[in-house]
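Chains here go by letter, A, B, C, D and E, matching the order in which they are written, and residues are numbered from 1 within each.
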Amino acid sequence: MLHQLFRIEWSALKLLEPPDAVEMLREFGDLLAKRAEPGEMGWSGAYRIAGGGIDVMLLHFRPDLEGLIQAGHEIQLSALGDFLSLEQEYISVVEMGLYALTATLAETVEPADREAWNSALDRELEGQREQSYIKKRLYPVQPEAMPYVCYYPMDKRRSSGQNWYTLSLQKRAALMSAHGSIGRQYAGRISQVISGSMGLADWEWAVTLWAPDPIEFKNIISEMRYDEASAEYADFGRFFVGKRMHPSEFGDLLAKEDA
Amino acid sequence: MLHQLFRIEWSALKLLEPPDAVEMLREFGDLLAKRAEPGEMGWSGAYRIAGGGIDVMLLHFRPDLEGLIQAGHEIQLSALGDFLSLEQEYISVVEMGLYALTATLAETVEPADREAWNSALDRELEGQREQSYIKKRLYPVQPEAMPYVCYYPMDKRRSSGQNWYTLSLQKRAALMSAHGSIGRQYAGRISQVISGSMGLADWEWAVTLWAPDPIEFKNIISEMRYDEASAEYADFGRFFVGKRMHPSEFGDLLAKEDA
Amino acid sequence: MLHQLFRIEWSALKLLEPPDAVEMLREFGDLLAKRAEPGEMGWSGAYRIAGGGIDVMLLHFRPDLEGLIQAGHEIQLSALGDFLSLEQEYISVVEMGLYALTATLAETVEPADREAWNSALDRELEGQREQSYIKKRLYPVQPEAMPYVCYYPMDKRRSSGQNWYTLSLQKRAALMSAHGSIGRQYAGRISQVISGSMGLADWEWAVTLWAPDPIEFKNIISEMRYDEASAEYADFGRFFVGKRMHPSEFGDLLAKEDA
Amino acid sequence: MLHQLFRIEWSALKLLEPPDAVEMLREFGDLLAKRAEPGEMGWSGAYRIAGGGIDVMLLHFRPDLEGLIQAGHEIQLSALGDFLSLEQEYISVVEMGLYALTATLAETVEPADREAWNSALDRELEGQREQSYIKKRLYPVQPEAMPYVCYYPMDKRRSSGQNWYTLSLQKRAALMSAHGSIGRQYAGRISQVISGSMGLADWEWAVTLWAPDPIEFKNIISEMRYDEASAEYADFGRFFVGKRMHPSEFGDLLAKEDA
Amino acid sequence: MLHQLFRIEWSALKLLEPPDAVEMLREFGDLLAKRAEPGEMGWSGAYRIAGGGIDVMLLHFRPDLEGLIQAGHEIQLSALGDFLSLEQEYISVVEMGLYALTATLAETVEPADREAWNSALDRELEGQREQSYIKKRLYPVQPEAMPYVCYYPMDKRRSSGQNWYTLSLQKRAALMSAHGSIGRQYAGRISQVISGSMGLADWEWAVTLWAPDPIEFKNIISEMRYDEASAEYADFGRFFVGKRMHPSEFGDLLAKEDA
C-alpha cells in the first residue's frame, strides 16, 4: 500500500495554454481510471485533501513491492507528473488485527515457547486466510457510501514508563481489545485499514479511515484519545483529511466555480 | 474552519508592470469582498501578519469540508495566487466548550455507562443548539471593535506525569473551569474561537483570538500559562499575530507610505 | 520590537551591473539612516551577523503593531528587498523586569487576592512609568560604546520536575533575583533588552544584548547557565552574534578588502 | 561504506530529447556496471526505492575514505548527476559483532584493566581477521538470491532510565546475545550488514539488510522491537526499502510499461 | 573560529565553459592559499567532506569577530562563491580546558567566594598565557601528519536527572578528568580543538579533531561514549568527517579520475 501526498504547482499549470492544461489533467484522470476498480492487481484511488498544504492524495494498493514501485513510476512519467510536487510518500503492508487471535491462542499455547507458538499461529492464520473476513482486511475496498478519507501514521511509544513493547502480551491484548470495542461502535460509520510499516518506513503503522461524514474522523479519534492504548502509548504523525475524487474530476481542476 | 498563512512573493510581484500588479491585487480584494460578510455559507477574513515570516493570513469559515476545499481552490485559481506562497494551512471544526456542561451532567448520569451518558449528552446539546449562545460559538463572527487577531494550534500532553487524557473527567472539568475563569476576566477585551482538529490536522486544537488591542493577547496567554491546565498539560505550536485587512487594502500593498 | 534575520542573495546581486548594485545598496542604507536615530516613532538598527548562515539582522523598535508591520513592509518594497532572503523574523514587546517589584509587593498584598493585587501592581507601575529607569527599559537605546549584538529567544520549561510555571511566586522571585545578581556584575559590560512574546511568537521571550566586546556574551551566558533559573528552567533557541553597521556601510558590501 | 539516497528530477529529464535522455541513463548504468562486481577496491550497487520520496539508493563499499569521496565524486561528475537530487548521504564503517567475543574474553580478563584488555582483544581480533567469517562481514557481498534491500540508521539511547552506555558490559552482552538469537532465526532469509558511524555521521550505526522477500524486513524488525535491546535502548532513523537494479535497467527508466 | 559547510552546485558549475570553470576553481584555491599558513591574523583550511551531503568544509581561525565576518565575506564575493551553497555555518571561540586547573585551585580557594575565586583564576591564567601550552590551544595549528578532520557541535544536558549544570564543580572536574584520561591515550593519534559558543551559536561547544587515520575518530568517540561525562551528560549535533585539501586541489575538482 502506498500513500502519496501531492501539492499541485498551480502557477506552472496556469502558464500552459488552457486547452493543453485541461487535456493534461484529463489524461491523468484517464490513467487513474484504469486503476480505479479493485482487481487482482489492486487499485488506486485519488482524494482531494483539505488543509495541510496538500492538494491531492493518491492511494495505491498492489500485490507486491514491484507493483507499488511501478504505481509511483507511472505518476512520474505522466505529463501531469511534472506539475505534482511529492510532499510525502508512505509505504506499508495491510495488516489483520492479530491481538484478538493471539489472546485466544495464549490460553492453550505458551508464547515463550517460540516454536510451538509460531506453528500454532501459522495453522490458525492458514485456516483464516481462506475466510472472507481476512481477505477483506488484506485487500480493502473503499465503500461507495464512504467518500471521505482520513490518513495518519503512528507509533507505539518506547519511553520510560510508557513502553508498549515491554508490556506483556496479555496486557497488550487487553488494551487492544478495549481500543477495538470503541472502534466497533463506529461500525457502518467508519471503515478502517491498518497497515504496518516497521522496517519499511518512518512510522510503525499507517491508519486509513473512510467515512460517510468527515466529522466521524474527529469523533472516533477524540474518543480513542482517552483510551489507555492511545493516551499512554500512541505517538501520531500528521493527519490528513479529504474526499474521494472521481478520475473525471481532474479535468475540472482549473475551472472556476460560480460562488 | 481553515487557517491559511501566506508569504507574498514581493520580488516577483514587483517585476510586473505596476498597473497590472495593482489591478491583480484589487481583483484579489474583490474576490475576498464577496465573502467578507458572514452568511449562511460562512465568511472569509484577511489579516496582515506581523513577524513570523508571514505576510497575510486568510481565515475561512464554511458549513462543510467541500466549502473549505473550494475556499482554498478559489485562492489557488486567482491571479494573485501565483504570488502567494502557502507556508501553513490548518483545518479544524469550531467547538463549543463542553466541560461546564459535562461537569453538570456528571452529577446525575454515570459517564462510564456510555449509552446513558451519550443519550443524556445528546438531549442536552439538542436543546442548546437552538439557543443563541451556542450558535454564536459555532458560527463565530469577528467583532467590529476587535480588529486584531492571534492564532495558534495546541495539544494536551500525554507524557508520563503530565497526561491530560488519563485524568478523570472531574479533574479535567475542574481544571477547565479554573482556566475558563481567567478567560471570563477578559470578556469584552478578547473574543475567542476554539476549533478542534483531532483526526483532521497536526494539532488537537486551533485557538483564534480577536481583541481591540494586541497587547491583550500577550496578557491573557501570559496569565494562563501559570494556570495548571496550561502549565502542566498544554503544548503550543507557532503563534501568529496580526490585524484585520479590509479587502480594499490589498490594492495598496505595493504603495510606499511616506514615513 | 521586530528582529529580522536576512541572508543576502550575493550571486543575484553580483549579476547586476556594479554601479546599479552599489546604488541599490546605498539607497537601502539611506532608508535605514532615516530610522537610525531613536525618536518618538522608535528606531531601526542594522547588524552584520557572524556565522549562523545569516548576513544581516535588522532590529526595529516601534510604538505599536502597525509600526512594526510598516517597518517590515518598507524593507519588502525597497529595491534591495528582492535580494534579501528573510530567514527568521520575531515580534515581541519590550518588558520591564517585574520580579523585583512583585517580590516587594508580595510583602504587603496577597497575590491570590487578584483584585487587590492587580490594583496595587497598577498603582506601582503607574508611578514608575514616569521614572526614567522604566522609560529606558521600554524604549531602549543602543549605547554608542557597545557596538556588538547578541540575540536569542528563550522559554521557561514546563516539563515534569522542571516546571517554572508551577513554582510559587516567592520561589520564582528568588531565582530571578539570583539570576539578576549575575547580570548586575556585567553592568557597563552588557546592556540588556528583554522582550516578551507570549501570544505573539514561537518563544516566550527574546533577549537582545549589546556589549563593547563580543566575548562578554559568551562570558555572561556561560556564567548564567550554572545558575538555577537557567540550569533547570530555561530552553534556548538559536543564538546570533554580530556588530552594528552604520547605514553608510551598506554601500561597501560588494567591495573587496585588501587582505 | 556510503549510502546515497536520490530523488530523480523527472520533469527536467523529460525535457531532454528522448534519445539524449536514454543515452544519459545508459551511460550512468555503464558507470555503475564497472563497479558492480565486488573486488579489491570494493563495489557499488543501485536500488530502486519504494516510497519515502526516494527513487534510487546507491551503496558504495570502498577500502578507505578517499575511495568513498571518489565514489561520490564520480556520481557528481556524471551527466545524469545533474538530474539527481541527493536527499540523504551516510558514511559508516562495516563492523564485526564484538559482543559475543568480548563476553567470552571477559571471563578471563578484567575489562577495567584497560591495557590487559586491549592487548587480549587485539590478539583475538588478529587471529580472527584471517578467518573467512570476519572477512565476509567486513567486505560484505549481496547474495544473488536476496535482491531486496532495507536500510536505516540507529542509535542506542542515553536517556534517564534507558541508558545503554551506562549498562555493564555483561548486561550489554546478554542483551545483544538475546537480540542476536532472533537474528539467527532469520538465517537464509535475511543477510545483515552493521556499519558503525560514531564520530563520522549523525547516527551511531547504519543497518543494511538484504532478503529474498521484502516482507522479511517487516517480520524481523517487528519481532526485534519487542526484544529488550530494541524496546528499551534503540532509537531509529528513517527506514528505506527497495530492490536491486541491474545497471542496464537505468536505460529503461523513462520507458512506460504497458499496464 | 568559523566552520563553514558547503555543497558545491555541480550542475551549475558544469554549465560553464570548462576552461572558465577550472579558472574559477583555481582562483578560489589561490584565495585560500593566501590564508593557508598560520600567522598573526590566523589561517583558513579547506577539507573535502565524505558523506552528510556536504562537499567542502572551510575552517577559519581569526583573532576577532571582524576577522571572521571578513573571512566569510571573501568567500561570498569570490566568483566560486556563487556555486557554493552554505549548508551550515558555526562560530565559536577556541577554549583552554580549565577543569584540571580549577580542580587544583578549588583546593586552596573557595569557589563560592566569587571575588577571591575570580582573582585567583585570573592570576593563574595570566601566568599560563605566556606558556606555549596554552598558546598552542588558543591558536591551534593542524599537524602535517594529521590530514583527516572530524567536526561536531555538542551540548551538556540540563534535563531532569541528567543535568550537568547543577553538578558540583568537584563532580564536574572529576568527570572531565576521567574524560580527559581517555583523550590522553590518543596523544599522537588525535589532535583536538575545543571551541565554546555559548551566547554565540546554537550549541555550547564545537569539537574539531585531526588525525593521521580517520578510523581514530570512530575509535575515540566510541570509547568516550561509555564514559560518564558523555553517556549521561552529552548531546551531540551532526558529525562531519573529511580530509585536508591543498588549495591547489580545487583546480582539479571537475577532472574525472581514471578508475
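Criterion: a contact is a pair of C-beta atoms (placed from the backbone, for glycine too) under 8 Å apart; a residue touches a chain by one contact, two chains touch by 3 or more.
Because the structure is a prediction, the values reported are computed rather than measured.
**Student:** Copies chain D and chain E touch; is their interface built from the same residue numbers (over half shared) or different ones?
**Tutor:** different
**Student:** Which integer distance in Å separates the CA centroid of chain A from that of chain C?
**Tutor:** The answer is 46 Å.
**Student:** Once you find the CA centre of chain C and the CA centre of chain E, what distance in Å lies between them?
**Tutor:** Inter-chain centre distance comes to 29 Å.
**Student:** Chain D: which residues touch two or more other chains?
**Tutor:** Within chain D, the residues that touch at least two other chains are 159-161.
**Student:** Under the touch definition up top, go round the ring from chain B by way of chain C and list the chains.
**Tutor:** Once chain B is placed first and chain C next, the ring gives B, C, E, D, A.
**Student:** In the complex formed with chain C, which residues of chain B make contact?
**Tutor:** Within the complex, chain B contacts chain C at residues 8, 10-11, 14, 48, 50-53, 55, 148, 150, 152, 159-162, 209, 214-215, 217-222, 225-226, 228, 230-232, 234, 238-239, 241-243, 254, 256-257, 259.
**Student:** Can you list the residues on chain C that touch chain B in the complex?
**Tutor:** My answer: residues 2, 34-35, 65-66, 68-70, 72-74, 76-77, 81-82, 86, 88-91, 93, 158-161, 163, 165-166, 196-202, 204.
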